[in-house]
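Letters A, B, C and D mark the chains in the order given here, with residues in each chain numbered from 1 onward.
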Amino acid sequence: MCRFLAYCGEPVLLESLVCTPCHSLIEQSMHASEAKTETNGDGFGVGWYSDRVEPGRYCEVRPAWSDENLQSICGHVRSHLFFAHVRAATGTAVSRANCHPFKSGRFLFMHNGQVGDWSKLRRRVEAMIPDHLYASRTGTTDSEAIFLTAMGRGLDSDPVGAVQSVLADIHDDMKSSGIRAPLRFTATWTDGERVWAVRWASDNKPPSLYWRYTDSGLIVVSEPVDSQRECWQPVPNGGGLVARLGGGPEAFSFH
Amino acid sequence: MCRFLAYCGEPVLLESLVCTPCHSLIEQSMHASEAKTETNGDGFGVGWYSDRVEPGRYCEVRPAWSDENLQSICGHVRSHLFFAHVRAATGTAVSRANCHPFKSGRFLFMHNGQVGDWSKLRRRVEAMIPDHLYASRTGTTDSEAIFLTAMGRGLDSDPVGAVQSVLADIHDDMKSSGIRAPLRFTATWTDGERVWAVRWASDNKPPSLYWRYTDSGLIVVSEPVDSQRECWQPVPNGGGLVARLGGGPEAFSFH
Amino acid sequence: MCRFLAYCGEPVLLESLVCTPCHSLIEQSMHASEAKTETNGDGFGVGWYSDRVEPGRYCEVRPAWSDENLQSICGHVRSHLFFAHVRAATGTAVSRANCHPFKSGRFLFMHNGQVGDWSKLRRRVEAMIPDHLYASRTGTTDSEAIFLTAMGRGLDSDPVGAVQSVLADIHDDMKSSGIRAPLRFTATWTDGERVWAVRWASDNKPPSLYWRYTDSGLIVVSEPVDSQRECWQPVPNGGGLVARLGGGPEAFSFH
Amino acid sequence: MCRFLAYCGEPVLLESLVCTPCHSLIEQSMHASEAKTETNGDGFGVGWYSDRVEPGRYCEVRPAWSDENLQSICGHVRSHLFFAHVRAATGTAVSRANCHPFKSGRFLFMHNGQVGDWSKLRRRVEAMIPDHLYASRTGTTDSEAIFLTAMGRGLDSDPVGAVQSVLADIHDDMKSSGIRAPLRFTATWTDGERVWAVRWASDNKPPSLYWRYTDSGLIVVSEPVDSQRECWQPVPNGGGLVARLGGGPEAFSFH
C-alpha cells in the first residue's frame, strides 16, 4: 500500500508536515503504523502549487527516508497547497513514472489502495483513457490509469462524479471478469484550489484516512503525523471530504 | 537515435567489445561517429545468454560512460551471445523500462530508429500487442511496442515475417493518418540461438548497420568498434542477415 | 546495521542464496529477524569471482528488494566465491561508494557493525590508510576505512593480524578520546581463495554471525537464509573462522 | 571541465536562466561551446536561497538534459540568488557527493577547472580541512576540498583572501611535488548576500567566465546563455568580481 499527505491553507514549508513531525510522512516511509506494509520504500513524490497554474513535482525511486534532495526541497519550498506520497509497490515496477502524486494539467492525484488482479484489467482500463490524455500515460500503475480516465470524464467539471464513474466501470469489469480480489480506493486529488479526499473499498476495507483542521489549514493523511490522535478525524468508510483553500472541509458520501 | 552491438560465437568477455576497443560501444555513448546524435547518454542496457534459456539483463538510466557497474559486469561476464545498447531518447522518458535490449521469454530485441509521430500512433500500436504479452509492456517506446507485437505474431516461428508484418501495419497506419515523418527501423533480435539484423526505412534513410565475422564469431554493430573499417561490411538499405551460433551470416532482403 | 552473506564452494548461481531461499538476503533487506533494524534498504552490493584474479561487483543505492538488475544478475552469474550485502546506514550517506562489499585488488570485504562516534574518529582512521591506497577511499564509511587500513597493514600476508591491529588502534583511540559508544565488528573478507569471518565487539554485543557447511560449500551469514536453523552454527562472540575453497571452516579466536 | 551559472538580483524563476534561454545551462549540458568537453553529463546541481539563511539544494547523478525533476523545480522555485552547475567529471566518480554547488553553512561554491594530478595531492589537501568541517567532506573532488579548506580559513571574514591562500598552498605543494599539470580555477561562491567569481590558472589557461548585468540582476556564467554575445563581459585571466544583492559588480584582481 502507500502513505500520503495533503495540505491546503496558509503557505507553510513542506518540511513542517513531510519531515519534522514525530510521525511525519518520511518517518512513515520506514515505520507506518496503520498500513498493511510497515515499509513504504518504493519511491516517493511531492507536488506543490506556487504562483503558476500547474504544480511543481519532485519524485524519485529511492526511499524517502534517505533522500537529501527531498529534505532540502521540503526545507526551502513554501506552499499553500501540496501533496506528498511514499510508495509501497503492489506488483508494478519501482520507477519515477509510477510515483505519486500524478500530474495532469493543473491537477494532482494520489492513491492508496489497489485494483485487484490489476494485470488482467490494465489493458481495459487503459482503453478508457481518452486519446488526448494517452500520451500522459507514462507508467503502469492502476492509480495513474484511474486518474487519467477520470480526467477524461470531466474531473474539472464533476470532480467526484468523474471518479465514481470510473470506479463503477472498473468494479463492473472486475465482477464480469470473475475477479474476486477487492477494489480499494483511498485517494485525494486537487485542481489547485480545492482538495477532495475519499475512502471506499469493494470489500469495505479501504485504507485509513484522517483529516485535521488547524489554524493554518487542512491536513489530510493516511495516518496522523503527530501524537495528538484526538485531533484527527477519521474519514468513514464510504465517505469523502472537500475543502476550498481557506475553508474547512465538508463531508460527502462516496461509493 | 541509438547505438547497439550484438555478438554470437565463442564465449568472450562482454568488455572485449563493449568496453575495450578504441571505438567501443561505451566510447560511442559519448562520441558516436555515424549517428544523428553524437551523444547516446540516455541510459543503456546489456543482455546476455548463459546456460539458461532466458537471458540476463542489466540496464540503467545513467550514461554508459560513467557506470562502474557496467564496467565490472562486462569484465566478469563471458557469453556466447550478447546484446548491448546505448540510448539517445527521441521523445520518450529516460527510464529503465525504456532501455534496450528488451526481453520477452528467451528473446532479446534492440532497435535504432524511430516511428514518426509516435505519440499519435502509440495507442494503436499498443492495441496490437496480444493480451498475454500486455503485462510485459512496461515502458512507452515505439521499440518495445513493435517487439511485443512481433512476439505476438509469431517471432519464434516466423522471425522475419512477424517483424515485417508489424512494420507494414504501422506504415499503413502512418500513411492513413497522414503522418509524413518516416518510419526508420534498424534492429537486431535473437532467440538465444540465432541472431537477425535488418536495416530499413520508409524514407530510405535507415540508421547505419555493419557486421564483421571474425575467428571468434559474428559482430553486428551500428558502427564499427575498431579502426579496421575495411573489415566491416555494411548491411544495405533494405537488407538483413541471419546467423546461427557458430555459423557465418546469410543475407536476405527486408522491406 | 546490515545483513550479509558469503559463499565459497562449488560454483552456484548467486540467486540460490541471495534471492531464492525463504529468508534470502533480499528477503532480509525488508524483513531481517536478528538485526537492530528490520529494514536494510540503504543500498546493496554483490561481489563475485570468475576466472579473473580481481572480483566483479554490482552495487546500487536502491533497496535490494526492488532491483530487477540484481535479480537478473543473480540469476545468470555462477560463482565459486561470492559476497552479498544489504545495508542499513548508520549516519553516512546512501551512495554507491558506501555500499559493501568493498574491493581492493583481489580482496573483498564486508562489515556489519559500527565504530561508535565515527564522525569524530573518521579523520584519524583515514590518516592510517597508506598513500598508495588513499585514492581507493571513495566513500565515507567506517567499514571502508578499516578495510583499506588493514590492506595497508598486510591483509594479504597476515589476514587476521592486520585486522586485529587496526581494530586495536581504533579502540585505543576511542578510549583515549573518551568515546563510550562501542566498537562492533562482525565482518568477512576474502582474497579470492580463502574466506575469513569474525565476530567481536568492545561491549560484547557483536551483530550475529552464522555458518553452514553443505555438500556444495560454506555459507557464512548474518542470519540463516532458510528455516533449518539447526543446520546453522553461530560464530561465538570473540570468534572467527577461515575456510579455503573446497575445505571446511576452521575456528580461531578473535579479539 | 564543467559549466556553471550564478544569479543574484530580483527574484526570478530558476528556469528563466537554467532551462529557457537558447543556450541555457541545460543546453550546455549536452552542447557546451567554449568548454574542453562539449558534453557535461556527469551529474548536476542547483542551489538557491529562499527566506532561510542556508540555501536549498537539488543535485543528481543523471545528465541535466533528461531530468524531469530539474525542469519542474526550476519552473516552480523563484529566488533572488541561485547557483547551477553541470558537471564533466575529471577523474573522480559520478556521485551526488561530487556534484556542485557544494554547501557549507550559508555558503555555496562552484568550481570549473582542475587541480593537476589530484589523486597525488588529495590527501594533503584534505589534511588542510579543519576538524569541525571534516565531517562535511562527503565526496572526493578537488573542488569540495578547496571549498572546505577555504571555509576553514575564514571565507566568511576574508572571502577572497581565504581562497587565494588555499590556492597558493596547493600550488606550492604541486611545485614541490614536481607536478607539472596545471592548477586551473574558475569559480564562484556566495554567502547568500554577496557573490564572488574569479578566473585564474597556473598556466594562464583558466576556463572561460562571463558576466552580464541586466535590469533584473547580475548573471555570471561559464559561457553566455543567449545569443547576445555583445552583452556579456569576459572576466579577464587573473581577474574577479564581487557583487552585493541589488548592486552591480566590482572588479578585482585575483592570482
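Some points to look at:
In this text, contacts are C-beta pairs under 8 Å (C-beta built on N, C-alpha and C of every residue); 3 or more make two chains touch, one makes a residue touch a chain.
By chain, with names taken from UniProt: A, B, C, D = Class II glutamine amidotransferase.
As the structure is a prediction and not an experimental result, all values here were calculated from the model.
In terms of the stated touch criterion, the partners common to chain A and chain D are B, C, listed by label. Set side by side, C-D and B-C show the greater C-beta contact count at B-C.
Averaged C-alpha coordinates put the centre of chain B at 39 Å from the centre of chain C. Mean C-alpha position of chain C lies 38 Å from that of chain D.
Chain A has residues 68, 93, 96 in contact with two or more other chains. The touch graph of the protein chains shown is complete. Remark: chain D residues 93, 95-97, 119, 122-123, 126, 131, 134-135, 137-138, 140 touch chain C in the complex. Looking at the complex, you find that chain D touches chain A at residues 48, 50-52, 55-60, 68-69, 72-73, 75-78, 96.
Here chain D touches chain B in the complex through residues 30, 38-39, 41-42, 61-63, 66, 68, 89, 93-94, going by the rule given at the top.
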